[in-house]
Structures are given as C-alpha cells and as structure tokens.
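What follows is chain A paired twice: with chain B in the first complex and chain C in the second.
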Partner chain A sequence: MNQSDSIRTIRLSGELEIGRKDEIREALRRSASDRAVLVDLSDVTYADSVALTELLRFCVSSSRDAIPVALVVRTPQFARIVQYAGLAAAFKNFDDRDAALAYLAQSGAE
Partner chain B sequence: MKRVSELRLYCPAQSQYVAPIRHALAAFLEALHLDRSMRDDVTTAAGEALANVVEHAYANSSRIAARDVQLLARLDLGGKLSVDVWDRGEFIRRKPLPGRGFGLRIIRAIAQQLRIDTKRGTCVSMTFGGPALLKKR
Partner chain C sequence: MSRRIPIPLVLTLGFLALLVGVLVAGGVLVRSILTASYADAEHVRSARIVSADALRAQLDEETGVRGFSLVRDRLLLEPYSRGRAVLPGLLRRLRSDDGTLALRDAGRFVADADATNRRWLRQVAFPLLFVKRRNGHVLELHGKILVDRFRADIAAIDAALVRREKQGDAGAERAIGLANGFAIAAIVAVIAAAALFTIQQYRLAARLELEREKSEQQRRRAAEIRAAYEAEKRIADTLQEAFAQRVLPALPGVRLSATYIPATEEAKIGGDWYDAVQLPDDRVLLAIGDVAGHGIEAAVAMNKTRQMLISSALADPAPGQILERVNAEVVAAEFPMITAMAGVVDARAFKFSYSAAGHPAPVLFEPGRGARFLEVGALPLGINRDAEYATYCVTTVPGAMLVLYTDGVIEHSHDVLQGETLLLEAVEAAAGRAGQDPATEIREDIFGHHRVSDDIAILTIHFLNSAAVAGMPETAALRRTA
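This part shows the complex of A and B:
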C-alpha cells in the first residue's frame, strides 16, 4: 500500500474471493488521514460478491465523509459482476490509473 | 437425456475450497471449448452459489456432522449447460439487507434458469446456454 499526502493508493491483486475476505477487509480499512483514495484493481483476475460487498462498504463509508474513491479496473469479469450486482452506479471505475488520478484531482484531492 | 460431459466435485464447505472448485470448473468449461466470457460468467455464478454455502448453509445446523458441498456440472447434447451446487444445510429466506445479498442477484443475472430446491438440504440448480452456447463452442 502506498500513501502520499493527497491520494492514498490501495492495491489489490489476484482473485478477490471469499477465502480472502479478512485480507480484503483489512486492506480496505479507512484511514483518518485519507483525502482521496485510489483502489488499484489492475491485477485483479476475479472478484466475487464478498469482495464487492467489502468494496461497497469502503466506498459508502468514504462517501459519507466526502472522500472521493476511484477504482482502476482492467478485468472484464470484474466489470461484468459489478453490472450483474446492479452496482454500476456505486463505483467510479477507470481503466487506467492516470484517468483515475485525474478524477481524484478534480474532486479536490490536490 | 444423453449427456456428453459431466464434472462432479465434492469437498468440505469451507472457504479455502471455493477457489479450487471454481478453477476445476473453469478447466472443465475450457475443455468444452466455451469462450472466455461464457466461462467467466458460469464460474462466477457457481462461485456465488459455493460462497453462499460456505457463509450460510451450516450456520444454524450444529447437529449436521458432514458439512460438505457438492458441485455437478453437465453439458447435454442440446448444448444446455447446467451446474448444481448442493449442501445438506438449511436454506434461510431472509429479507436482503442493504449492501448485502448480491450473490443470488448475480446468479439470476447470469443463469438462464435458476431453481432452488430445499427438500433435502439445498440444491441451487443453474442452467446456461442452449443454442447460443453451442454456437460459441
């Protein structure tokens, strides 16, 4: 996990599924110093509803505190499961890191 | 009904077995020459059914000694693919909580048909494909 003054990056990789629930929850723990968060899922190859629930919990909690969150997603399976779950509007997804950082900067992180 | 291919897996209903079962199912579907997006969708739906078993099936069933799960995948000659996920536990119908309960929603979005039989344990039966599936092979 990398942390800068303005944008914190949380990087998750591999298969995000029920067997890694505790690890995912721990990685997505809120920090009092957060001003904006980039969740980099570029190297995620699979996600299930357990992972989506943890991501949703993190995004909703951040949103309550006006902390913008952007997701970098490159896996088609992840994009589809988000659609199937009816959560397309719940996440700010980008297919590259620069676009996600630009969104966070526009949202007042920098 | 003639069956051209079948995969049957059986293991304890524990979270560490979900990924290996899903990988085995993906390999089975690859051997059947299903395309990548179809394989992903079927394994995603099966993964959700398996995760439901791990999280809920035996939560209120302390008297059940054999806490296991079985997956049966089969492709018939008509091109219909079915995946059944069965456990011995108790199916609990509850109101979905906000921000929870996406598993069945995802399965419903992917599967052509979904049937949940709770007579002896719980069997989640999903069917996929038909002629469209055959075209993709």
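This part shows the complex of A and C:
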C-alpha cells in the first residue's frame, strides 16, 4: 500500500480467485484513515465471483461512507468483467492511473 | 538411504565408552599402586629380619667372647665365630636397604651400629680374646655398654622400618580406597547412564505415541471432512434434483431449449439455475442466475431467489423492477452475492425486455446480422440495497435466437474475451443448423465432451417463422431449474 498525500492505493494483480480470498480481503480491508482510495487493478486479467464480491463490497461500503474510490482497469478481459459486474456503471473507472489520481484529488478537494 | 542414529543413543554410547576408559585407567593406576605397596612391604619385612639377625649376631659374638674369657675354652668361641662371620654382611644389607627404602634417619643408626660393633671388637673382644687381663670384668662391663648401644641402634632401625611399613600400609589403604571410589563412581555412572537411556527411551516412546495419536486424529478428521462433504453433496444433489423440471414451456412462435452441466466432483455443488415460465398473452419469463459459492448455502439461496423472482414476475413482469424487488429481499436475507438476469419474451411482437444484475450479457442472433451481445451493466444482487436495475428492450425478427447463460460458459479459460468469441461462434453455428436443441449444441461446440470445472447453464429461445409456428403443439407451461 502506498500513501500519496491522503490517497490510499491498493494494488492487486494477476487472476483474482477464491484461492487468494484472504489476501484480497486483507488488501481491501477498510481503514478509518481512508480519505480517498485508488484500487489499482491494472494487471488484473480475471476475477471470479468470490473476488468480485470482495471488490464490490469494498466499493459499496466506501461509497456509503462518502469515501471516493477510483478503479484503474487496463486489461480488456478484466474490463469486460468489470462492465457486466456493474462496477463500470456504479463506480469511477479509469484506464490511466494519473487520471484516477487526478479524479480522487479533485474529489477530496470538493 | 542412510538411517539417522538418534542423538540420545550416541550420547549414551559415548558416555559408556568414556566410562570404560576411565575405569580401565583407574584400574591400572590402582594396580600399580598396590603392586608397589606390596613390594615395599615385603622389602621392609625382609629388612626387619636382617636387623634382628644383626642383633642376634652381635649377641652371639658377645656370648662367645664372654664364655671364652671365663674358661678359656676355644669351643665356646663358636657363637662368636658364627656372629663374626655374618654380621658384616648383615650390616651391609642394612646399609643397602637404607638407601633402597629411603629411611629417614636410619642411615646414621646403621653406621653407628657398624662403628659400635667395630669399637666392641677392638676395645672389648680382642683384648679379652688375645690378652689375659686381670680386669676382665671392667672390659665386659664396657662391652655390655657398647652392646646396649648396638641394641639401641638396631631398635631405632627397626622403629624406622616399622614406620615405613605403616606408611606402605597407608598407601595400600589409599589405593584400595581409590579403587572403591572408582567402583562406586562406576556404579553411579552406570546407573546414571541407564537412567539417562531409559528417560530418553521413554521420551522417544512418548513422542512416537503422540505422533501416532496426531496422525490418527488427522486421519479421523480427514474422514470426517470427507463424510461431511459427501453428506453435503448428497443433500445439495437432492435439492437440485427436487427443483429440476423436465419440460420447458412450449407456446406458439418460440422454441425453448436448455442445458445444465453441474460442476465436476472436485468443484462441489454450484448455485446456477434457470427458469422459463409461461406468462399470459404468449409471453415467457426467462430467468437465469448464479449464486456465488457452493454447497447447501448456495443451493438454498438459489432456490429462494428463484422463487422470489418468479413470484415477483407474476405480480409485475417489468424486468428491472423484478430485480429491484428481489435485490431488496436478497440483501435483507444476507444471501451470498448473486448474478441474475430476468427477461420477458413477447412471442407475438418479437420483443425481448430484460434486466441484468452483474450477469454476463445475453447473445442475440438474427438472420443476416449474426450473433451479438446485448447491453448489460448493473451490480449483482445482494450487494447494495439501493441498486437500480434498468430495463432494456429489443425488438427482433423471425428466425432470431436469444441465448442466456451463466459465467462458466465464457470464463472456463479465465479469458472472458476469448470465451465470448467462442460463444458467438457456437451460437451462430447452432442457429445455422436450426436443430431442436441448440443449447446442447452450443455447449458441445464449446466444451466438446470434456467435463467442466464450474457449473454451466444455457437457455435459448428461438423466434420461429410463421411456417414453423403453424406446426407447434400446445403444451402446459412448465419451468425448469438446474
């Protein structure tokens, strides 16, 4: 996890499957100090329903607490999963990390 | 493969070897001390005999001289001659023993005895033997004084020898004590080694017993888990079998087909299902979904969600509203995440309205346009109570075919884009063949006869042209789940 100003970055990569549930859950653990969260999924190529559940619950929970969340999705395979899982419609998606950071910085300033 | 020797055994054997070495060395030491002590004692006893013989020889000399001096008979000189013959040799031996035995102060007494004997011979014996003296009793008295001195010297030598004998006895006693000490130490060491070995053996046995018990517990635990898994699988199988129906609804203008393949044994029971329920006015409710997770919990959630969805559709068949109502109940019931799609087919108007909750996009094949994915994109059920689900409407043409499916159809290689390409090709091939069971054809086209790791459900609805509609029989509306 990297700290860039007040933006927390969570990075996951590879195929997110049930076998990595604990790792994913630990990475997506909510923190009281969160002001804005960038979930960097640039290198993710696949996510099963268990991993998607963790990701969705984190995003919904953060959104409910008015914590801005931005997802960085770059692989077309995972972008398709993100699309039909509703993540693309319900949360901010970017294919560029700088754009995501800019969005979060702007959200935090508002 | 070399077998490792236990460290406790090595330590015990090493200790015993060290013990044997110490005992052998101790035995040799004690034996040498005792041998030297006995030799010394023998030498002392011999020296005491020599000193006694020397005194006897001195007395013989005196007796002979005094007898001859009284009667002047040479026969009476025999004791003198005998003593005179042996005494110098005896005194030499005493001097030699004095050096050998390293007797403290004894040397001067031997020298004094030798000198006293010489004085007695010179001042008493020779005058009495060779000169007739009138004052013979004076010489005899002087001789008696010298003999007494000789006797005192011999007594002092004997006392020194006695002291030396006692020293030797004390040395022997120390050696014997040392030997006893070695014996006791050996006994104690052997007992300690035996105790150490026994303790080690006991610990080893206890550890082996503990490992055996642990292994047995793990075996029992594995058997219990296996039994629990098999029981859960039987229950889930039974539930799915109970919910399954054999006949799809048949109504004019459309033909339905479906296939369901459960996950392989290793992947446990999935939560995929589909329903096709006839509604009034030649409409059909199509529902398909997938409960995240496996086992009884997923099977129960699947069945309840399916019932909620059908009930909701019967009350108000607008797909988006159906999903919103079901979502609220799924969130309230705290079910696992569920992806689902609800669609209503109007066979008369060639219309398909649908809404999807986190579910893969349906495929629409139309003659002349090929197969394509329809629009989707909303959160799965059970994630957010306030989630909104849009209703999409598509108007199609005779000969078109709709394909609904679960994610196992496109995610088997974990490359969704590749899976979607294969699916489009399979749909077009099946539509081109215009067979009676395109769902099975699509599945076989993608997977062949291989077993699948995840559940697979495919539901198709084919909009028939007017000629085909004329030949359709009317049957009861039934639903089907898997």
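The definition used in the following text is that the second predicted complex is superposed on the first by the 104 of 110 C-alpha atoms of A that agree within 3 Å, B and C clash if a C-alpha of one lies under 4 Å from a C-alpha of the other, contacts with A are read in each partner's own complex, and residues count from 1 in each chain.
Throughout what follows, a residue touches a chain if its C-beta (ideal position, glycine included) is under 8 Å from a C-beta of that chain, and two chains touch if they have at least 3 such contacts.
Note that the coordinates shown come from a computational prediction; the quantities given were computed from them, not determined experimentally.
S.K.: Mind checking the superposed model to see whether chain B and chain C fit together on chain A or clash?
M.R.: clash
S.K.: Is A:77 touching the first partner chain B, the second partner chain C, both, or neither of them?
M.R.: both
S.K.: State whether A:49 touches chain B only (first), chain C only (second), both chains, or neither.
M.R.: The answer is both, since A:49 touches chain B and chain C.
S.K.: Let me test your reading of the model: by the given contact rule, A:19 touches which partner, first (chain B), second (chain C), both or neither?
M.R.: Touch partner of A:19: chain B, not chain C.
S.K.: In the superposed arrangement, does A:88 touch chain B (first), chain C (second), both or neither?
M.R.: In the superposed model, A:88 contacts chain C only, not chain B.
S.K.: Based on the A-chain superposition described above, do chain B and chain C contact any of the same residues on chain A, and if so which?
M.R.: Shared contact residues on chain A: 15, 46, 48-50, 52-53, 56-57, 60, 76-77, 80-81, 83-87.
S.K.: Under the touch definition given earlier, write down the residues of chain C that touch chain A in their complex.
M.R.: 290, 292-293, 336-337, 339, 356-361, 376-380, 383-384, 387, 407, 411, 414-418, 420
S.K.: Touching chain A in the complex: which residues of chain B?
M.R.: 15-16, 18-19, 22, 37, 40-41, 44, 47-48, 50-51, 54-55, 99-100, 102-103, 105-106, 109-110
S.K.: Give the list of chain A residues in touch with chain C in this complex.
M.R.: Going through chain A, the ones touching chain C are 15, 45-46, 48-50, 52-53, 56-57, 60, 76-78, 80-81, 83-90.
S.K.: State the interface residues of chain A toward chain B in the complex, per the touch definition above.
M.R.: 15, 17-19, 21, 46, 48-50, 52-53, 56-57, 60, 76-77, 80-81, 83-87
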